[in-house]
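Before I ask anything, here is the structure I am working with.
A, B, C, D and E are the chain letters, set down in written order, and residue numbers restart from 1 in every chain.
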Amino acid sequence: MTRRLRLWVLTAGLLATAALYVAACTDLPAFGGSWHPYGDRAVRAALQQHTANAVSSVNFDQRAFDTLGEETVLFSSVLGTVVLLRRTRGEKRVAPGPAEVPAALRRYGLLVLPVTLLIGLYVIAHGQLSPGGGFQGGVVVATSLHLLYIAVDYKALERIRPLGLFELADGTGEAAYILLGAAGLIAGSAYLANTLPLGTFNTLSSGGTVPLLNAAVGVEVTSAVVVLLAHFLGQALEIESEDGAKDGGREA
Amino acid sequence: MSLLPYLIAGWVFLVGVHGIATSRNLIHAVGCLAVTQSSTYVLLLAVGYRKGATAPVFSDLPVDAPVVDPVVQALALTDVVVGATVTALLLALVVQTAKRHGTVDPDELSELKG
Amino acid sequence: MNWWLAAALALVTGGLGPCLWGAARGSAGRRVVAQNMATLLLCLVFLLLAQGYARPSYVDLALVVAVLGPAGTLVFTRLLGDEIGENPPGLRLLTPAVLVGAPATVVPLCIATGPGRAMGKLVLIGLLLIAGGIVTSAAVRRA
Amino acid sequence: MHDALIVVVLLLVAAAATGAVLQRDPARQAVVLSALGLTLAVLFTVLQAPDVGLAQLAVGSAVTPLMILLTVRKVRRKGRRE
Amino acid sequence: MDRLLPLIVVVPLLGAAVLVAAGRHVPRPVAEAVAGLAAAASAALAAAALAGPPEVSWVGAWRPQDGHSVGIVLVGDRIGLGLAALTSLLVVAVLAYSWRYFDEPPHGHGGAFPALVLLFQGGMCGFALTGDLFDAFVFFELMGVVGYALTGYRVEEARPVQGALVFGFVNSLGGYATLLGIGLLYARTGELGMAQVGRELDQAADAAGHGADALVVAAFVLVLTGLLVKAAAVPFHFWLPDAHAVAPTPVCMLLSGVMVEMGGYGAARVWTTVFGGPGGVPAAGARRTLLVLGVGSALVGALMCWQQRHVKRLLAFSTVAHTGLFLTGIALLTPHGVAGTALYVLGHAGAKAALFACTGILLDRHGSVDECELHGKGRGIPFTGLLFAAGGLALAGLPPFGTSLGKALVEERSPWLPALFVLVSAVTGGAVLRVAARVFLGAGQAGREDDEGPETTGGEEEPETGRRVRRPPVPMVTVAALLLAGALAVGTVPALTGAVSAAAEAFTDHAGYAAAVLDGRPAGRPEGPYDWWTWTGAGLGLLSAALAVALAARSVGLESRAVPWSAPLRRLHSGHVGDYVAWTVAGIGLVSLLALW
């Protein structure tokens, strides 16, 4: 299809979609209105479950099945990337040379890494109290590990990142979330039911299963992001086609 | 003011789609797909906003204060995760396309026709 | 008239807008500098918003930006290294902006919040910001 | 004051999104996408959604740009050798 | 039993998690056995749930108080559970088919492929069972993400990565359009469950006195977009042939067998529960939309299917054609239409999966799926040829196959439908029979004709089993035979037709669904009289089968398959991401025109 025809089809589609969407916007309730029935019910339920952060309560208690689906999307995307970015037959792994890094940057990296790690763990732990949660904290922890690559060099990162362990943690995090859900069934209530004691409001152990699910998601997200970045780093820095000139795939 | 957030969401969606359709580089197209997806965050959170209300996190707030809708925030959070993972997977496919086809320009990918 | 929000609005229009303009146009070096400046401004904006909305829990956002912002800039310098060139425009502004901007925001906030755990967190954010700013601008200069 | 902030940040998000789409070179687009992520985080905070803002910050500031730039590096290194 | 509904979705996910966690230390046969076990367990749970009365399960015990709840509902109605059971059975068949199939799995990940297939099963079962719009979007994305990874599994070759990329872009865009629609519905009704949104729309319509306004129609169009992309209806169908032509054969069996049907099921489910009441989109608008898209898909699919050399692409276009017929059946919006379509889907899943299985055997034996290159080479494996021909006849609608019974039930509803059904079945069945004749009987000239125009040939493909197999492996042939037997059973077992007809009654009942989900009053369905084989139905089936054989016989000797006036249509299928995205957005415009008219 020629570029011109594609532009015509695209413009027609965009105009029609825009018209449809603007017509819909005129019937939407005004921005900032006070009619939020589901939200009010969710806040009441969150307070009843002694969970200070209502968003975490919706995520890990009221609509926990959505979060199970979301974590499984992350889990399968990482598994897909492991499969897609694997080293195929005609490729070999070449360790990249050490990158020359100014001393100040190296010191900054080594100093800030533990601080970032602590912040990430703090965000996971306080998931059901202050803003944050398993996913946000998990990504911060994973980024802190990669400070070694950014501020020091790739070899330093590889030393502290055994891939087998992180893949095990990835699978364990996903299985932990599912089994925590099954605990509700075993306790006689429904799947993913919050049957643990709810604890006192606004404390670290409040909210029954919410902090546990938070921790499971934190473990899984941390290891997922580490494995994901490991394979992207591997492809970009290490994997070369067998004989440098001819590429492993089709000759252009 | 009462329609601006919704219209901005619509504009971001359409700009993103235009970017994908006219892109000459697959990595650029993946970036435009991420832009298209950010329109859904804007619409969801604009739908849940309440004037004069604050975030529904009661660690530092009296329990009866007016708050914004937490459900849309949970939906937007799930959407951010889905967006990041789809971007990662499509980038992995782009890496392999570059290896196998020697190019990332959609016009030069000629394998599947007819 | 909420002065904290007014300051935040000024920082957003006066700072974040031009940073976006810098990030969208020009050479790769200029874009990385703009991105670095944007992360700095963002941290200050989050601090002001936290105080303006009277929600101390929003400070966590500033804490995460103070750490991840420089990491993002270091990613760009490490991987765009060869494209950045010797002296990208606007680099000279970075270090003074950090040294002036961070204290100018953190000190009044510390006075407003009074001594205690919250003030400790603010000071930590200020230090992280200054350290990050100096190191990243040095890294960009030497890229 | 609340509305003014919302309007300004919304316009910045639209500008950043348009800039990200119009920038055809992927390496430079990565920088604009990172800026778009930051602006979105401010928008979410202004709309009183700190959790979503934190998630967008965590993903958009370091992880996504790193992946895009590693892909660009792999594609460019492969292209240069051809 | 209702507490076990979520387990149907969760058991495969747990299996995948265990396989990945133990990735490095588990030998390959153990990994594939564990995967088979998890899939079979989920199938058993689905069958057990089907045996019991229809139930509703609120996840997390968040039951509704005075009609409103904060939780997510899984609805165990017959059609949804039937699709979940079909998915699980197909996954068990695929895992058996691909037993020690791929040459070498990624090192350190013996269980990667079975784990991805289990995740695919979890995503599809979740989509079939959920009664919540946003939950359906999450499982839609899960199916998508796993589908892209599985389609691009053979990264050493150029085509799979391009097919997977196109599949990824178009399906993600469809998903985001659906999410915009869900956002609009949430803004209007303040609910996310399908039954709840439907009830809120109806109450708003009673209060306001008028039916759907611009927002409801826009939400209908946007939500339907993602589902139609998944169902590969014209003009959203472009990704399907590219993804099918390149995906590994076991994945093709799942994609064509049940994932594409999920799109049609989703469209029917969303229309009936959300927009089917007085507050939703008027029935005339929905019928017109589904009818036009269905007929368009059927004709385009059949026309393109007839001209393909690449056998997998030929089967993919036949899936587009038959999906068009599914949408036409659903467009009747009557219990008969849904019952016929459901039987048609069951029969088609068996037949199409068996055809892909036989194609996989050809690929692994001769390293090619090109009709001309394979000319006469299939003589050594007569039994596979027999299965291939039987699959072709099933597609052509030969009684007593399930496909023929499904078509018969739908055809009686309106005068001009039989013509469309017979024509499309004859053309697609004829194309398959033509391939069977040329490959297995060596009929007609050898592959002399050169390449007419830029077209994807099926030549020089890598066999998926690493080295070429002399005798077709036993698991592959038995799976193909069992799938065809299943398609035959669908058409011959009267009890199944009775159950499906009763299920269709419940499926198309807008108020009954809301009552069952929200007020816990499952509508008792009397086992009313259901119609089964009729003389006209069987006659039409025989006619289309005879037409197919005639078409195949005549075209075997012909010099080339190309239909000259359809060259512009063939150029539209360009494999270019930008084209497909442009067509998707144009499709949104087309659907909104049809719905608003």
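Simple rule for what comes next: a contact is a pair of C-beta atoms (placed from the backbone, for glycine too) under 8 Å apart; a residue touches a chain by one contact, two chains touch by 3 or more.
Quick caveat, the model's predicted, so the values are computed rather than measured.
Centroid distances from chain D, each centroid being the mean of CA atoms, peak for E. The two chains most heavily joined by C-beta contacts are A-E.
Across the assembly, the mean Cα position most removed from that of chain C is the one of E. With each centre defined as the average position of its C-alpha atoms, the distance from chain B to chain E rounds to 27 Å. Measuring from the averaged C-alpha position of chain C to that of chain D gives a distance of 16 Å. In terms of their C-alpha centroids, the spacing between chain A and chain C amounts to 25 Å. Counting partner chains per residue, chain A has residues 6, 10, 14, 17, 21, 26, 28, 36, 38, 42, 53, 55, 58, 63, 66, 69-70, 73, 77, 80-81, 84, 123, 130-133, 135-136, 140, 143, 146, 228, 232, 235, 247-250, 252 touching two or more of them. Residue positions 70, 134, 138, 141, 145, 148-149, 152, 155-156, 158, 180, 184, 186-187, 192, 571, 574, 576, 578, 581-582, 585 of chain E each touch two or more of the other chains. Within chain D, residues 2, 20, 22-23, 30, 48-51, 53-55, 57-59, 62-63, 66-67, 70-74, 78, 82 each touch two or more of the remaining chains.
Contact between chains, as defined at the top, is found for A-B, A-C, A-D, A-E, B-C, B-D, B-E, C-D. Here chain E touches chain A in the complex through residues 3-4, 6-7, 10, 13-14, 16-24, 57-62, 68, 70-72, 74, 106-109, 112-113, 115-116, 119, 122-123, 126, 134-135, 138-139, 141-142, 145-146, 148-150, 152-153, 155-156, 158, 180, 184, 186-188, 190-192, 213-215, 217-219, 221-222, 571-572, 574, 576, 578-579, 581-590, 592-593, going by the rule given at the top.
Remark: chain B residues 9, 13, 17, 20-23, 26, 29, 33, 36-37, 39-40, 43-44, 47, 71-72, 75, 78-79, 82, 85-86, 89-90, 93-94, 96-97, 100-101, 106-107, 109-114 touch chain E in the complex. Of all residues in chain C, only 57-58, 60-61, 63-64, 67-68, 70-71, 74-75, 78, 128, 131-132, 134-135, 138-139, 142 touch chain A in the complex they form.
Partner chain B is touched in their complex by these residues of chain C: 53, 55-58.
Residues of chain A that touch chain C in their complex: 99, 102, 104-105, 108, 111-112, 115-116, 119, 123, 130-132, 136, 140, 143-144, 146-147, 150-151.
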